[in-house]
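A, B, C and D label the chains in the order they appear, each numbered from 1.
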């Protein structure tokens, strides 16, 4: 089977495995007091061109919700897109880690919030009956593979600052966003007003490693305690850090993302003109959402391609939506084979 | 530095790293739907000679508190030793994951609870003012390196059953207990009445892998949801399972534990008779707690040995308590060197 | 000032105060073990024509969220209208008391859910990434003063049963609904499929008393513990029960509601035809939402009438929405005076 | 039956009922925006001779745990006596309201903590494995009817300040303490270093009213939200405040407490010398704990006196411990009758 199902279906990159093996030498102080972790901290400072506070964890959900827990009281409101991972795919982890904060779900085209939508939603400050505005959470790249430009983030951050609330970024596919936009990590985050970033690595080549990157030192004081009581402090912490070190080494993270994005672009170009095929969102990172005739979908699956059906039937009869995700270790051959088969099937379906 | 500080200061065993590398082939379905995880499930059934429900996680705290969360309502009481890891070393994770259950801390010699002590403590059932008896938690091996015999566990399980409450076992050093007692994992757990086990592997050679082993199927229904919302469901789950598979392969887990225990026994034998040295608990697994003259402690540290000071000064003037932990990858040479230096220093101190 | 602001701005009915005074004789066992509470339990059984489990509490929020906490695990989803009190006006109490369950907010005309809307929203059962369907919550009367007929409730209950989830009713204005529909409390609740009811009394004449009425005995076992740990178990419980006893005595509750509803109907009739006045929802209970010229609003306030501005400006220029609530102790004179002044002001505004 | 069981078995004082009736006039703004509440705030400022922030609630548990929730993060440690109400009698409410903080239970003679005991217990600050020192909670009068002098409180407050943690006082029987010690409320609280007080009124004559009194304004910002989400914000708040106003009017609170204390003193004097009777703690407020021959206990119950058996059998054979509580509305006749019967029974038992 050829994987277009998800970037988390992939193995880890050999460089990451090698970094783990390299770290497996002799004793090391536990709980993040090891030299690998110290080096990774310095790496993140370089990457983000500022003093950051970096806490490695093993899952994206942990990174998201531990980060959010710094930004909201239990009676807080977190404004986010209705399709956000924290809303849909974390089984209530945000509510759990924040002690019961409310995710206020907002609408927005192509999976994105706008400053206007967020601004309109922020109400009730100081009124005891209502949850209190606490944070905005953006997903970058979004759940439908679109991107916020630094200016988009800055406009939303301006709203956050006006209401004195925090700005959180779910960066499970942060690398894909940076690769696509060509901006710096700093421009995309703290320079635009992000307070806390969940910096993903797992989908883009690591085994199980993400980093919570905190740009406001005063927020970090309680992170260690919250991570520990969440059960997310690794004793042999060097192996989390080693993954992140390998991930950042020689720009591996960015090469991976550029590659995956490029495959998505090739897929989009190959599929866009086919009869009966409709792309649902701009293809900006490594994901495509498209409507296809059901016969084409069935044929692609029979041809050995693995991907997810996404939603209920699209508008036109006999059409369905699927999601395609390209990964750091996908190949141009796979993409070409997919496009060729899709083209063949689409033409037959159109006859 | 030679490590007697903790078994979590160790690297991972080469066999575990090899198992991770072996699992790093091609795509695999995420979230535990991979073939490695399927094989590990079967392995645990073999090991425990019964149908178990096994959920890999990455940390001992996560394993403990997710397991406990199945056994108690938010208004429950969990009876445990005052020195238990869940009481002292998890920064409130049990309270967090159980939604606020109360750990009722009990006294007991050598880190162990007795059926009598637990039985006396279980009060208030049905009285609305009091937290409700919900579970007993045992640590095996205990925090001071002592062991419950299967009969000890069964006696406490009898109390649990009499009150219709659950029995949880923190098995961060379960392997050391099995190695020392020569009983089967089944005899130590479900045959004695344990409902949920946190089966440790990290301290005994894995990178970051533990398993929650559930012996009552009806308890398992909600585990998946609780693990996910705790942020403990790995997308690339095969790498957690691979560690467990490597750990169980060819009895690696038991060989490691036998070795570590043997080193502890050698340490105890070498240190017991030295002037000014007092062992505080029976040395049954891989940990020793002992009082030494301060000059001996200082000399051992100066000699390149790494270990923790444990408590405030012991009774006699100039004496302190230290903890020594032996690990799966320790060596007899290290032990002999430690004993030789300790003997030399102790004799000088006694002059 | 004449109150059309809220039914909670009212004093308590003299009959309720008398009931409190009557209960203030001699010692009584605390925590609901008193004879008044015993009598109230029997009263509720009579009222609902079945064995109920009744727990008095002092606030509507407590009644709602304690009831909900019986129906959902911490990783559950509670389906409710986007305008529901539990969503908007309880500062996150539902998330708090349920340990973090998610309120899934749904759209619906006139503040009401339909079976179809709810059915479409219930997804993700058994999928570990998603919060799990747990309960539906209806508000009766709704936040905009409309009503569910017993058939409406039954249709939604059918959806709940199909998914094996619970049905909760926020009955802060339950009396107004019964009074308006002329059905029995039984028909509106357990006969239609409601599992837990928050039965309001405070808005309709009590001082501070509501009752959680549980129609499924198996749900009630944990209620007492949850109420106590919420701090809602009164020591001198007789005074909560006395209010409920006084409220149910001689049909006081229903007379109050009939009266308040009647005043609302009179208001609606008097205001409906005025120039520039638009009623926003059917007036079925004791609340009206209407658009008026701003000059009319200002004139009414200047005339001594107290009511709330409700939302941002309505469509037409110079128009705003207000809410009027009639209460058990309002008078026909007040209504006639309000209508007369409104008519006068509206005609002037229209000139 | 004559009540020596508890001060919460009592009715409310007629003055309190009258205050409720007085407040029952006309409409009033809800949620504490009424004039009675405004007056009560001023009253508390007078009583405590400083600017306080006062929040009425209906139960002692609510007052305690809402207050505590201001002083500790979810990963905090609250140091308290092992017999404290928050430990034993609130069904986990402190853990619930604090989001999972840990009550660290300490020993102390006569129900009291000492500065030394508390100081020794405060450990682990800054260490990520341990819950973090957050607050000390004292009960005044204690659960066994003894008292902290202002100097005792100040000594403990000094420990709190040295560790930069909060000081909470459970004052369910605060009036009894003030009455007995003759100090001012200010001397007992903020002047001695108390940050948050749960000021009880229910046991001493109110229907259901307590006040959380906050002496550090910066702690109060979040109280309103926490009270609301706990379901403890009354809509008709004037009736809570009216009770407190009645309670403070003309020193009623202090007269009540002086009376109850005096009855306890009389009981103690009458019982102390009887054969077989042992008082277990100094009788300083309105509670007595004593050992009696079982035949005496049975005879007193048969004679119409209501009180609680307290613990398992005392040291001597045939002896048990009981608790006697005197109340604001008890009488000297009741006390004399109790003592006379006890004397008679004790002499017979001693023959």
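Everything below uses one rule, namely that a contact is a pair of C-beta atoms (placed from the backbone, for glycine too) under 8 Å apart; a residue touches a chain by one contact, two chains touch by 3 or more.
Note that the structure is a prediction, hence the values are computed from the model and not measured.
Common neighbours of subunit A and subunit B under the contact rule above are C, D.
Interface repeat of A-C: among A-B, B-D or C-D, the matching pair is B-D, sharing over half of the residue-numbered contact pairs. In this assembly, the chain whose C-alpha centre lies farthest from subunit D is A. Centre-to-centre, using mean CA coordinates, subunit C is 35 Å away from subunit D. Separation between the centroids of subunit B and subunit D, computed from CA atoms only, is 42 Å. Look at where the CA atoms of subunit A average out and do the same for subunit D: the two points lie 52 Å apart. Contact of a single residue of subunit B with at least two other chains is seen at positions 74-75, 90-92, 96, 99-100, 128-129, 132, 225, 228-229, 233.
Against subunit C, the residues of subunit B that register as touching in their complex are 31, 73-75, 99-100, 128-129, 132, 222, 224-229, 233. The residues of subunit D lying in touch with subunit C in their complex are 1, 3, 5-6, 8-12, 14, 17, 20-21, 23-30, 57-62, 65-66, 90-93, 96-97, 202-203, 207-208, 225, 228-236, 239-240, 306.
Residue ranges of subunit C in contact with subunit A, taken from their complex: 74-76, 88-92, 95-96, 99-103, 105, 128-132.
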